[in-house]
Structure formats: C-alpha cells, structure tokens
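There are two complexes below, and they share chain A, which is joined by chain B in the first and by chain C in the second.
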Partner chain A sequence: MNSTDNNVVDIRHLTRRFNDKAALQDVTVRIPRGQVFGIVGENGAGKTTLIKHILGLYRAQHGSVSVFGMDPVKHPKEVLSRIGYLSEQPDFPEWMTIAQFMNYMAAFYPNWDRQYAAQLLEMASLDARKKIRELSKGQQARVGLCAAQAHRPELLVLDEPSSGLDPVARREILAAVIRTVVHEGRSVLLSSHLLEEVERVCDHLLFFSNGEVLLSDSMEAVLDRHYQITLRRPGQLEWQALPGVFNAVADNGEWQLFCFADIDQLTGLLQLQGAQILDTRRLSLNEAFLARSSQRHTPGRIA
Partner chain B sequence: MYASAIRALVGEIFGKNRAAIVGAAAVTPAAWMIAKAYLRHVPGIEPNFATPLGFLLLVVIAMQLGSVFAYVDLTAGGSGSGFPRHILLLPAPTWLLALVPIIAGSLFIAAFVLLWLRFVSGVQLDWTQQLALTVAITAVMCWIQAMSWELLPRSMRIVALLVVVIATIVSVISALANEPDFLLGRRAGQIGLVLTSSGGYGFAYLAVIRARRSETLALNASLKRLFFSPGQPLHAVPLPTLSTAVAAQNWFEWRVYGRILPLFMTIIGAFPLASLAFDGMRRAPSIALSTMLLLVFYLMVSPMMGAAYISKDWTRRVQMGTFAATRPLSDSELAFAKLRLAIKSYALSLLIVCAVIVVIILASRNNVALLALWSRLTQRLGTTGSYLSLMLLFAAITAASWAASALFMSLQLFYEAVDRKKHGWKISLAMVTLFGLLLMLARRAYVARDSALQWLHAARAEVIIPVIVLTGIALYLLPPFRRVAALSTLRALAVGFLTVTVLGLIGLSQLRLPFGYRWALSSGLVSLALVTFMPFLLVPILVRMSRHR
Partner chain C sequence: MNLHLTQHSGVPPYLQIISQIKQLIASGRLNVDQELLPIRVLAEKLLINPNTVARAYRELETAGWLYTKRGAGTFVAAGTTAFSAETCRKQIRERVCALLVEAAHMNISVAELIKLIREMGNDLGKGDKES
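Then we have the complex of A and B:
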C-alpha cells in the first residue's frame, strides 16, 4: 500500500490561470480517506476551481490531480462513479419529477441503493411525484443532496451546499449526512462560507485566498492556535517579524495582534520586547477568517 | 401622469433593446448594398428583395423586432423571461402597461413592414395585402408576449406558439394567394387571420393584466387541472427501465432535445393534412406542397438541431453544464449519446415528412406538374435511371442536410468549449468567411442552374475546399482525439460510410452519363461522404473539450 492509497485526492503543485488571472497557484492538497475536509475562503479565492479540478471539469495546466489514484480527466467515468457531488447552483433537469430524477441517476451508479434513496427522500420531506422546477431552491438542494449520497460515494463533494437551505434543515441534514459518510469510512470535501458549520463538522481545514493555500491544518490545531493578543507597547512594533502573527491593528498605543502560533512562546517573546500583555483570547473560526481576510483587504489599517 | 408613464415605458423598451432595433434597422440598407453588389453579375435578377430570400429576411427582422416589443429580454433567457416585471409596480393603470408595448411595437413593426414592402421590396402587393401581412406579424408578436407571461404550463407554451405561428402563416398565404382555393382557401384564410390576430392582441392584454394581479400562475394551474384529472398526481407516468448509464443518457437526451424536431415537423405536416377538411389540398398542386414541406424541413433542421441541442436559452434546459459534465460516463459515451439522438431525431422527422408527402400526392387531384417532371426525367434517363437518380439526389440532399445540421451542432459545441472572450472575434471572422463561401457557392449554383452538371464539373473547388478545411481542423484536433476511447466505434462507422460511398459510386457508374459528369458526380459524392462523416470525428473531440476545460 503506498501513500496514495490513503489519500482519496492527491493534488500536487496545481496552477490554473484564466487569461492573466491566476485562479490557483502551486496548490498542493491531500485528502485522506475517512476525513471531513473543509475548504474556506473569500469569493473568488479558488475553492470552486479546485473542486472542478477534482471532478475533472478542469484540466490541470501545471501540476497534477489524482483522485482515487486516477487522473479524473482521463478516467471521468471511473472517478465520477465513486463521487457524490452537489454544486452551489445545481442545474438539475427541472422538467423531471423527483422520482424520474432518482430513477435516472440510479442508472449511472452500480452501488445505488433504492431503499436508502427512498429513506433519504423521506428524511428530507420530499414528495417524489413533484417536478423539480416546482420545488423551492432549498428543496432542490435537498434533492441534490439525496442523489449525491444514495450510491454511498467514497467521496462526497459539497460545494456551498447550504446556500439554499434554511438553518434548521441545514443543521440537521448536513450533520446527518456527514456523520453517516464518515462513520462508514468515506470522505467529505465541504466548501462553505458558513464557518460555524465548517467548525462543527470538519476534521481538517484548508484556508484559501487568491488561489493560494494560506493554511492547511487539522481543525483542532486551527482552533487551538488562533489567538488575538491585546497589548500595550510604546513606539512601533515590527509585528511582521513575529512568528505566527498574520495581522495587526494599532489604536492609541494599544495593539491587537492576530496570530496562529504557540501562544505561550509568543507572549513570552512580546514581553521580552517590552510589551505589556493586556489580554489573550482564542479566536473562533469566524473571527480567524475575518482577521485573515482583512489582512488582505485593508492594508491601510495595519500599522 | 399618463404621458410620463408612457414615456417611461417606451423609453425602457427602446433603451433596453436599442442594439436590436438599430441592428434590425441597419440590416435593410446593408442587405440592399450586399444584394446590389452580389447580384450585379447575375442575369435575370434585379437587386431588390422580390425574392423568397428577401421575404424571409423581412419576416426574420420583423420577428426579431416583435420579440423586442414583446417584453422579452433577448439577453437573458428567452421567451420565459419577460424582463420588466418591475414595470408592474409603476403607479400607472394596468391597461396602460399592457397597451403601450403592444401599440408601440405594432406601430413600429407596421411602419417597418410597410416601408419595406412599399419602397424596398419589389413584391407587388396592394394596400390590403400589405396591411394583412403587417397585422399578421404584429399578431405573432403579441402571441410571443402573451407566452412570456407564464399564462400556460411551460410544456404547452412552445407548442401553442408554434401552432399560432404556423396557423398565422398558413392563413396569410391562403388569404393572399392568387388562387382563391389555395391551401385553406381565401375565406378560411381571412377568418384564420382575424382569429389569430385578435386572439394575439387579446391574449397579450389579458396576460399583462393577470400578471399584475399575480393570477397567471393560477390560470396555469387551472389549465393543468383541465388537462389532468383532479386528485391524480400530475405526472404519474411509469418510470422507464434504465438498465445502463448509456440507456439513461439516451433517454435523457431524447426527452430533452430529441422530441423537438419531430414534434415541429408533425405540426408543420398536420397543416396540409388539415387543409383536406377544407378541400384545399385536393386543389393545390402537390408539387408545391411537397416542395414547401421539404424546404421547411431542410431549412429548419440545421438551426433547430444546433440551437435546440446546445442553447440553454432556446429550451431553458441543461446544456453541457456541470450537471451533464459530471455524469459518470466516458467522453465518448456522452458524445455518442448526443450523435445517436441527433440521428434518431433527424431520421424520425424525415420519415414524418416523407409520410405526409405520400399522403399529399395520393390525396391531391393536381399532380400535373409532378407527372410532367417525371415524364421529362424518364425520357432523358429511362425508368430505372430516373428512380436511381432520384434516390441518389434524395440521399445526397439528405446527407448534405444531415451534415449541415451535425456540423452546426458541432459549431455550437465548439462555441461552448472555447474561451469566447479570448477567441470570439476569431470565431466571428471564421463564421463570416464560411458564410461568404456559402454565398459564393449559392451564386455559382444559381448562375449555372440550367446546367448544373457542367457547373459541378467546373467548380469542384467550392465543394472540395470546405472538405479540406474540415479535414485540416480534424487533423489539428487529432492529438486530443487519440485519447478518446471510441476508436473501435469510429472504425466501424468509417467502414459503414466507405461501404455506402462505394455503393453510391457503383450506382453512379450505372448512369448513362459522359465520363466528365460521372467523374464530377463521383468526386462530389466522396466529398459529401467525408463531410457527413466529419461530425463523428468532431463531436467526441468537442464534447471532450467542453467537458474538461
């Protein structure tokens, strides 16, 4: 068994350009089997581009993409039959009834479980006789979710699945799906803007910005090591030179540092430099995301 | 208050669609200049628009203008997207909202059509006839408007529109024909015209009023109840047995795209048959009706197959979007599902046309022209030769039409696959060049219409150049093609085409023709076979290109 066998997705040095704009820059990602892998990032950060490479809808311009040990462009049938996919804006054939749609989808997947599909539809409170175009956006997303998992895929790819779901349905359905998939040793790739959701269900986090991977670590580490430090220090602070500090805001001699670091080591170092530590606080994923995003968007505010 | 509301409405309609309006208006002088330059050396044709082509151009432009004034947003989604829904929130009475676009559109189109007929075209129509034409065109415009307001269930909308358009065309032709008994007959034509026109105006007015009160969907639901018995599930149809992924994709393609062309030809074919009820078909020359039907088929098949296949706006259904691209099928399976469907759809439509033509010939009492033509042919080629040459001609036209349809489909796929922002101008340039080549070919064909064989003998270049160009494209695309796992299927197809070509060559050799003509026809046949085969090479490559960008 080589290292690839443990990874359902193995992306190495992937770069993708659209005209002059780099959508992905030297991205290396490995998704291990049995993990819920979250991707977060701003709009246009490259999340959907990465997912489209995994699905074989984009050809790698530089670097390589391997899914289940195969190139998804060369082997679309073999790769896609093992993936369940729900996109942000599913373009389902709206003229079909849900029953027709599930019947149509069943023909593509040898592992399709009709009983399980019926259970999923029932769980999602969907009437199979209804046409897809008669459903609300949220209901359509639920249909997509049912179809994406009725063949018990080895990799479930969810690209912004919650955008059409109401909060209750989002919490219940998504958690149930992800739990089921993970308990059976399958993997999930979840791209979402809803960071609470990501924080709740993901084992590993990939933070994307401008086509680059800013952070890739276990969720536990991400939550344990993101801190906000409030300190007072006279004069300028060369915060860029401090290990793990990625953003800083100065206000009347008081500094707020945002870091991804060993907090004890960092506070020790700051105190050695004459800083008076006023407060240290662990950041939620949402706060860490905002701090990292504002680092790129509001350079003028950074001292 | 009324004056400002009218100004706002007219301003919105003109402002939103000024490009289309200016474009349509500019087509007239441009077409005039092109026609003048193009037809300069063609004996027997005056550079005016007193030709079927000119008339077709007029109808196309008028229809485009009709769409502009029919509250249809041409840029975002076709007939289902009446764009200015926010207009319904304006503090103006509903009748004003409904009537302004109808009246503004009708006046503009009426002025345009009258101007064209009176001063540009050489068509000799009196004022009544011109008025009838104008009314018919604006009536169709109103029907398009009515349909855009979701009055009818979606599946019924396009069928209703097709029926109305065809009924209007047939009514106009019947009402304006020189012979009083042509098609439906003059009286029935006049009645049909009054009904379609008044229905169009009334229906459009009703649609806007109901849309403002949010009653369109209620009417839509009532119609559904009318057609499907209450209490029953609306679509309790048995689910098809889809044993394999390919079978599922074939079913999907047929349901989405395949039925459109046969349905259209059934509706077209139903009209001559329906005119039996008025005894019109028995009196109309069978050759005219048959030719009209064949012309409609051969002219409509390419755009309908190409557009219906790919364009999201046309059918408002899926194209090679994410859903289609993520089906667990190989590229070649996806491509051949499309090709298989295209052939099935084309063949079924042709079968319908042929069946209707047989009925027309059997039911018509006016086969004189047809018999005279047959007699001339048999005198020249003998009975066997005549049957053989007719079969070859029919096969050649069908093959050329199929090739044109499939290549148009390929072109649409190509357009989907490439980066349009980057390569759009190159594609446009190529399209214009191709169109120019076709025009050149058409002019040569027209000039040499009395000596077609001589022309073919002398002008092989025009036939062979497109083949060389297409082969060049195929060769250019060959490296990605090598990765398409469909070589065995293609080999089998190539053998099939080769067999048919050889049989055709043997058939040609049996015709008693001088060597030069035989050589020319043989080279034409080989070129045609190549062009017909080309889509089987191109579509898998293009599907692959548009699937993995």
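Then we have the complex of A and C:
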C-alpha cells in the first residue's frame, strides 16, 4: 500500500465509451480505507462498468484507475489477491462440491484461511459435501459470499449481490458487509438496487446516472439534506435559480420542491421571496433516488 | 437491549435508534448507569453501519441521555435531559401539534386523547421492567 494515500480505490476522470455510447463520463471516485461505499443508479447507469475497471477487467481509455496504489490492469495478481468479489450471477463450476470449490478458490489466494473458510461455511449453514448444482440460488450466493471473504480481503466488492435473493440470504450479505468493516477496518464497495439496505450499511453514497456522477456524498449528508418542501407562492417560481433545488412540481397552486440543501437556509430564502412554507419533509434514500431520477425525465421548466 | 429497525418508514436509521433508546430509558427497561451495548456489537446485531450507531450514541450523549467513560463504554445518564426547558417545550409542542392534527383526522376528541395520554402515562410510571 502506498503510504502517502489512504484510499483503497482512486479513480480520476475516468471516461469509457462503448462504440458511440459513453458508459462512464469523467468519473472521479475515491474510496477511503474502512468505509462502506455504496453505488446506486438505474440499470445501465455504469455501475458494473466502473466495478470492472476496479477489477482490472477493463483498461482505462481516458483517466486513471488505481487500486491499493497500483494499476489493476498492470498488476492483476497483486490487486485481485486483495479483493473479494461477488457478482449478481456468479459463474460457478456447478459440478464441484462446495469443498472442492473452496479448494479451487484457495489456489488463487495466498492469504486464504482454511479455518476461517470452514467457519464461514458453518455460519452460513452450508454443507461442504453438497454439489453446487444441488443448491438453491440463495445458497449459491452464500457460497460465493464465503469464497469472497475467506482470504480476508482488504476490499470486498459486491455487485448487486442481493438481486433476486430471499431475505435470509440478503441478511447474510449485510452481515458480511458489517463484519468486514467492524472487525478489521477493511473496505466494502456495494452496488445495489435495494436502497433500504444501502441506506443502512453505507458510509458514502455515489449516485450514478447515464455514466455520470450525479451525487457523491456521505450517507449522513444524503439523509440530512434531501427534503421535500411544500409551499404556496403567487406567480411564477424560478426554481432552477434556487440553490440545491433539483426538481419542482406545480400542484394546484402549491409547489413541491425537491432539494439537497441546508433546509433552514433554503426555507429562509424562500420566505424572503414571499413564499409561504406549508410543510418540510425529509426524504428517504428511496424517495430521493426517485425524485432525482424523474428529474431527468421532466422538462426543464414547469409552468 | 432490544432494538428494531423498520425499513420503508422514511425515518433514518440513526433517528430510529435514538427514539428507541429514549423509549427504553423512559420506560425503565434501561436503568441509570446501565451499560449500553458497544457500538460494534449493536452494529452487528442490527446489521447497520457502526458509524450510524456511533452517531445515535453521540447525539444521545449531547442531549444528556447517555454518558461515556473513556475506554469503558457508554452508560445511561441520570435524571433530566440536558436540553433547556425552552427547547424541551418546543419539541413537545411540535409533537403534540402533529398528534392533534392526526387525532382530528381520525375523529378522536381532545378529551379522549387526554384520557389516553393519562392512561399510558400511568403505565409508564409503573415501569414495565419485565416485558
């Protein structure tokens, strides 16, 4: 690890095009050690493309990617041996038993801890003698999760690990995330559509849309600064000029403003402009996500 | 220390922890000088980011509900909260206001509400430590 920086991942101005479509557009991301870093965004927003750059599966076309201070394309062995990775659809050799699969995985990782691997399997109530083919989808995900942790990776990368899983398997994924940061101060990168889970476990949120970073902030700020304001005000409302307001809907003489701002400052400003504040309500991550997503689908100006 | 986080409630997890710990203290299920679960233990139990638990503890400490002993842990503080009387009144007023609006919607009279509050207050006074 480069001693001068405390970032596990350091991505600068990364741009990636597939044919003519920009999958990533000038993305800068730093993941500090010890954090749970959440990535959210609609399907096709660029989450998996970003993760593939971190794993060294894609070479940076523009900009730079550094993981543990190294280029993952130039140093795949050094980088990947310190990462634990679980994707939505893990590609298992299905004919193997769990025990054979764990042995197979152990060969890739110098730090593989057999005792810890056995312990993880036991915690996940998995019988190592069973063939992977015989397992349910949830059980297969648990095998993948055990395999992603048994070398105690410095960075656990989970790419939509909970998609389509039952609540028990999802719980175990959350437990693995918390265990990773609680016990050894290691880091987690979690990409997910399950915003309640992201809200619960993440320190930092990166919100992607169309390959661009729409928002990157601490989860605390994301939850404290997203508000819906209901107000009444005669005449037009030039909401685009208001600091932090990213969407507005006119509704029967009332306005619904969606903002990411210091709520006291913003309502103070609105009152100075003659608005009557009827209600302010904090948005959950889910609501903030929806409000921000619809922002792209509404016309710029609403009469 | 039995806490539950509900999803889809719109209430951020740290605020849920805060209100539930206050509830446990107010109802006598957590006693003065009793030690709270360490941050990491509660985080693993609730499957929640440890910084969220730390934030809840910190805010409860600032508000006078808890105190910390260096290297020893977090404990329930004695007696009153550290808010000024004015702040306390303001906060209670806001809640009563919301309650009155909701009650009016549900056709529950103020008299009925007062009766309910008195009953629940008596129950709290008994301190249901067994439950």
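To be clear about the criterion, the second predicted complex is superposed on the first by the 283 of 303 C-alpha atoms of A that agree within 3 Å, B and C clash if a C-alpha of one lies under 4 Å from a C-alpha of the other, contacts with A are read in each partner's own complex, and residues count from 1 in each chain.
Here is the rule we go by: a residue touches a chain if its C-beta (ideal position, glycine included) is under 8 Å from a C-beta of that chain, and two chains touch if they have at least 3 such contacts.
Everything numeric in this text was worked out from a predicted model, so none of it was measured.
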Partner chain(s) touched by A:N19 [first = chain B, second = chain C, both, neither]: first
Which superposed partner A:H62 touches (first chain B, second chain C, both, neither): neither
First (chain B), second (chain C), both or neither touched by A:R114: neither
Partner chain(s) touched by A:M219 [first = chain B, second = chain C, both, neither]: second
Touching partner for A:P76 - first (chain B), second (chain C), both, neither: first
If touched residues of chain A are counted for chain B and for chain C, the larger one: B
Touched partner set for A:K137, first chain B, second chain C, both or neither: neither
First (chain B), second (chain C), both or neither touched by A:R232: neither
Contacting residues of chain A [partner chain B, same complex]: 19, 55-59, 73-74, 76-77, 79-81, 83, 85, 87, 90-95, 97, 99-100, 103-104, 106-109, 129, 131, 133
Residue ranges of chain C touching chain A (in the complex, touch as defined): 5, 7-8, 10, 12-13, 40, 43-44, 47-52, 55
Complex contacts: residues of chain B adjacent to chain A: 154-155, 233-236, 239-240, 242-245, 247-248, 251-252, 255-256, 317-318, 321-323, 325-331, 333, 419, 421-422, 483, 547-549
Residue ranges of chain A touching chain C (in the complex, touch as defined): 36, 171, 174-175, 178-179, 181-183, 196, 199-203, 219-220, 223-224, 282-284, 286-287
